[in-house]
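Down below are the structures I want you to see.
The same subunit A turns up in both complexes below, where it pairs with subunit B and then with subunit C.
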Partner chain A sequence: MEPDTKRIWSRAGVRVSVGKLIVESLGVDEANVTAQAALVSDLGAESIDFLDLSFKCQQTFGVDLPMRLIQERRIEWRDLSVLARVLEARYRVAVPADELRMVSPATVGAVLEHMAAKHEITRVAGDEREVVGALVTRMLADLASTPLDLSGLSVDQFTDYLEKNLHSPEAVEVVMSRLTVRAITEYVVRQLAAAGRLAPGA
Partner chain B sequence: MSDAPPRAVLVTGGGRGIGRAIALRFAEAGAQVFVNFFVNREAAEKTAHDVELRGGAAHLLQADLKEPAEIKRLVAEVERRAGHLDVLVSNAASGVLREGLDLSPKQWDWVMATNARALLILAQEASRIMTSGGRIIALSSLGSRRVIQGYASIGVSKAALEGLTRYLAVELAAKGITVNTVSAGAVETDVWQAMPEGTAALAAIRARTPGGALVTADEVAGVVYFLASPAAQAIQGQILTVDGGYSLLG
Partner chain C sequence: MTGRSVVLTGRGVVSPLGVGIDQHWEALCAGRSAVSRRDRLAALGLPASRGAEVAPEAIQPHLARLPRKQQKLWNRATLLAMLAGALAMEDAALSPGAGDPQRFGVLLGVNMLAWDLGSMLEYLAAAESPDAPCVLDMARASGFCMRSINPLDFSLKTLPNLIAGHLAIANDAQGFCRAVTEGHVGGARAVGDAVRLIAEGDLDVALCGGADDQLEELFFATHWGGGVIAGDDGRAGLVPGEGSGLLVLEEAEHALARGARVHGEIVGFASAAGDGDLGGGDHPERLTERLTRVVDSVLEQARTAPDLVSLHGDGIAAHDRAEGAALARTLGAVAPSAPRLRLKEAHADLGAAASPVELLACASALRYATLPPAVSARSTSTTPVFRSALVLAIGLFGECSALMMRS
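Our next item is the complex of A and B:
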C-alpha cells in the first residue's frame, strides 16, 4: 500500500525495473521495450496505461511520475490559455482564451488580425513569427518538470507546425515522441538522486 | 456535542472533486476519514491536510481499485487502523472517452473493473467489518440512463453499478446495512476541463438546468452525508438523482 521510500537504487536496477513496469502496464513484449522506444508511437501507450505506469512507479520507487502534468499542459495548449498569456505579456491586453478559440482559422496570424480589429493592438512586420516563438518557448518551459526528454528538440520545427495550426497534431507528436523508455528511466533516476536514494557511483 | 465515537469513513477517489468534498463533509463531523487515491498523491495529501483542519482524522491509502487484491489490502488496512468501518463511499471512477464502437477490449475491461467491479469487491470486504447501521454509498452519473456522446464505457459501468446497488441492498439489509447510489448531474470539476469542449458543454448543461445553476460538489457531498445518517435508515437500494432537475426535461 505504501511505497518503499527508503530503498537505495542503482541506475541499472532502475533501468531494469522501469522496463518491467512498462511491460506490465502496456502489455507489450519485453523485446520492444528498448531505451529509444517512444511510449506512444512505438509501444502504443494510451491514457489508461499512463495511469497504470504512474501508480506502479509510485509503488515501486516512491517516485511520482507526473504524467498528468503532460496532460494538463496539453489541455492548456488546446484551450489556448497559454497563447492568451503570451499575448497579454506582449500587448498588455487581456483577452479570454475562449474568445481566442472562436477565431478561425486557428492560427496566430488570424488571432493577431482579430486582436488588431477588436482590441486595437498595433501590428508590426514579423510579429506573427515572434508570437509563435514566444508561445513555443513558454510551452516548452511548461514541460520542463515532466518526464519528457526535450534535449535537442528542434524548436524551429515545432514553431513551423504551430505557425500553420495552433492545434497542430504534429506538434503534439513531436513532444510526445520525447517520452521514451530512457526518458522515464532518467526521470526516476533524477528523482531518486534528489531524494538521496541513488547508490553512490551508480 | 455527541459522545459517540467518530465514525470511520472510507472514500475511494477521495483526493479530488466530489470525493474530496465528501471527505471534507465527514471531516466536519469529526470522522476518521480514509482518503483513497490512485495516482494523484499531491491532491490526496492536500485533502488529508484539509480533513485534519476541519476536525477529522485523515489516513491516506493508495490503491488500484481495478485489482481485487488491492481492494482487499485497502479494506484490511482500514480494519487494522480503525477496527471497523461505518461508511463506505465508492466514488472513484475512471474512463475512456470514446464512442462504443471504437472501444478496445482493454479499455472496456479497465472501466468496468474500476467503476463497477470495484463496488462489488469493496462491498464484499467492507460489509465484513461493518455492523448494523453501516452505510455503503456509490456515486453514479446520468450517463447510466441517458446516452452521452463518447461516454459509452463509463455510462454502461455506471448502469452496472446502479444494478449492483439494488442487489447489494437486498443482500445486506438483514445485517442493517443500507446500500444506495447518488447519481450526480454535471459538477464542475477538473474532469470537464480535460474533455474537448468541456467548458462549452458545462455552459449548455447550466442553461438547460431548471434553476440555471450546476450542481456543486458540496451539494452532492451533503446528500451523501444525509444517506449516511440515521435518518436515512429506511432508504434502501435507491438511486437518488442530484442534478438540479436537469434530467426532468426532454
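Our next item is the complex of A and C:
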C-alpha cells in the first residue's frame, strides 16, 4: 500500500484515526486511549511500537512521525554533547563530550569546577544555574519540532532536575510523559495544515 | 543413552486436531481427520488443495494466555509455537525461568522464510522496471520497501529463527536459544539436541519441539513445484498442515526434586544428514541405509525394542518404501509385530512440528495403553503392554532422525 498523500482531513477525523492506530499498535483497549494518556507510561509503548506507529502514520496520513528524533535528542543529552555546545558558546572553549562524561559527579557544578581547573575558565557567582538554564532552553528548543506537548513545561522545573544530575531520569520521564495521544494528534494536524490538507474550518 | 536421564514433564500440542494434549489425543482416538480442501490453497489454481489447519475457534479461547500486544510481531508459526509453549509450561507447572533461567533453554525446529504471497506480489509489481517487463528495478524496489512495507510485518515476521527467540524471551529461558532449520526433521532434531544438552549437564530444563506453517502459499506452491505435495487426483505426496508441538524436557533428578509429574523418558536419539535427493526417489537404497543406521543407533542407546512405532509416513512413495525396508532390517527380528502409527493421516504433515506432535501422541498412547484405531496399521492385541515408542522422521532431502521414548 502506498501512503495516502492526497486526502483532506478534518481535525475530528485525525483524532479518531490516531486513536485507532494507537489501539492497533499498542494492543490496548480503546477506552484507555484518552487525549491525555501518555504513550510510554500509560499505554506501555516500547521502541519497537514507535516503529510500527510511525509506519502506520505515514501510511494513513502521509505524515512522518519523527519518533527517531526524540530518541536521538535523548541520546544527545545523555552523552552530554548538548552541554558541550552550551559551554562552548558561553566560554569559547571546545571541550569534547567524552571528557565531560568523565567528570564525577555528573553535575554542572562539577563540570564547571573541572573547566576552571583544566581549561582556565573564570567562575562567577550563579554561573551554575545559568549554565543549567541555558542547557534546558537549548534542549526544549531541540524538541519543539517533535510530537511532544511541551506546553506549561517550565525551564525552572527542568533546571531543578538537571542541577542535581545531568543524566536525571526524572527529566527524561517528564519529557516522555508529554508524548500523549493529544500531542500526536496535534502534531499530525499541524503537518496536514502545513501541507494544505486540513479541511477549512476544521 | 549416556549421561543424566532426561524426562518429559510438559506437553504442549497445537494441532489441526485440537489445541491441548488431551484434545489432540481424543480426536485421534475418535478417528477424526483434520484434512480437508482448503479454499486458501485451492485459490492458487494448482490441482492440489488439501491441507489441515488449526481452526480459529480452537485457538480463540487460548489467546488470553498470550500477551496481546506481542501478537502483532508474530507470524502464524510463532502464534502456534507461543501457544504450545504456554501449554507445555503450564502442564509442567513451571513459571518463566523454570527455576533457574541460566539453566533453561529453548530449541525449536522451524522451517522456511514466510512471506505472504499477496505482499510479495504487490512488491514485485511495484518493483518491476517500467521499461523492461519482468526485470527488477532496484531503485523502485527500494523506494517501495521504504514507503510501503511495515518493518514489523516484513523483517520480524519472515525470519524463521525469531520464533525460538520469542519463546525464549516469553519463557525467560536464558541458558540457550536455538532454531533448528532442518525441514521436516527439525523438530526431532531440536528434541534430540535438547536431550543431549540436558544429559551432558549444559541445561537442566529445555522447552523444545517444533512449529510450522505449511499452509503458507509460498511453501505450498514451491513444494508442489518440487513434486512432493499430494494432488487432488491421487498424485502421491505429502498433505501439508500447520501446528506446533512443544515438550518440557527435564533432568530426572531436577524433576523429582520439584515433584514434577513425569510422562516418560527419552532414551534414544540419532540423526543423519541428507544427500540432497529431493523426495528420495533417485537413490532409495541410500535413504534406507541411513534410516537403518539411525534406527540401529537408537535401539542400541535404548537397549530395548519399541512396543510401538510412529512412522514418518508422509505419503511420499520413496519415503514410505525406505521406511518399510529400514524397519524390516532393524525391527524384523526384535519387534516384528509392534503396531505402527500413521499419525499424519489424521492431522497431515506438520513439517518441523510433526515429530514433536507425534512423540507427544505416543506419550499419550503409552500413558493410556491404547492406540488410535484409525491410524494404527497392526492389531493392538499382539502387544498388550506399551512401554516404549519409536518416532521416525524423514526430511525432503533425505535427512532422517529417530527418537525413542519409554514410559
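Worth a mention:
Here is the rule we use: the second predicted complex is superposed on the first by the 202 of 202 C-alpha atoms of A that agree within 3 Å, B and C clash if a C-alpha of one lies under 4 Å from a C-alpha of the other, contacts with A are read in each partner's own complex, and residues count from 1 in each chain.
Everything below uses one rule, namely that a residue touches a chain if its C-beta (ideal position, glycine included) is under 8 Å from a C-beta of that chain, and two chains touch if they have at least 3 such contacts.
The structure presented is a predicted model; accordingly, all values stated were derived computationally and were not measured.
After superposition onto subunit A, the partners subunit B and subunit C occupy overlapping space and clash. By the touch criterion defined above, A:24 lies against subunit C but remains apart from subunit B after alignment on the C-alpha atoms of chain A.
Look at A:88: by the touch rule set out above, it reaches neither subunit B nor subunit C.
Once the two complexes are overlaid on the shared chain, A:2 sits against subunit B and subunit C alike.
Of the two partner chains placed by the overlay, subunit B and subunit C both lie in contact with A:58.
By the touch criterion defined above, A:79 reaches subunit B but does not reach subunit C.
By the touch criterion stated above, A:173 is placed in contact with neither subunit B nor subunit C.
In the overlay built on the shared chain, the residue A:44 is in contact with subunit C alone; subunit B does not reach it.
With the complexes overlaid on chain A C-alpha atoms, the stretch of subunit C that clashes with subunit B is 128-136, out of 128-136, 254-262, 326-334 or 398-406. Counting contacts by the rule stated earlier, residues 1-3, 27, 48, 51-52, 55, 58-59 of subunit A appear in both its interface with subunit B and its interface with subunit C. By the touch criterion given at the top, residues 38-42, 61-64, 73-74, 77, 94, 96, 106-107, 110, 193-194, 196, 199 of subunit B touch subunit A in their complex.
Residues of subunit C that touch subunit A in their complex: 67-73, 122, 147-148, 150-152. Listed in rising order, the residues of subunit A touching subunit C in the complex are 1-3, 24-28, 44, 48-49, 51-52, 55-56, 58-59. Residue ranges on subunit A touching subunit B, taken from their complex, read 1-3, 27, 46-48, 51-52, 54-55, 58-59, 64, 67-68, 71, 75, 78-79, 98.
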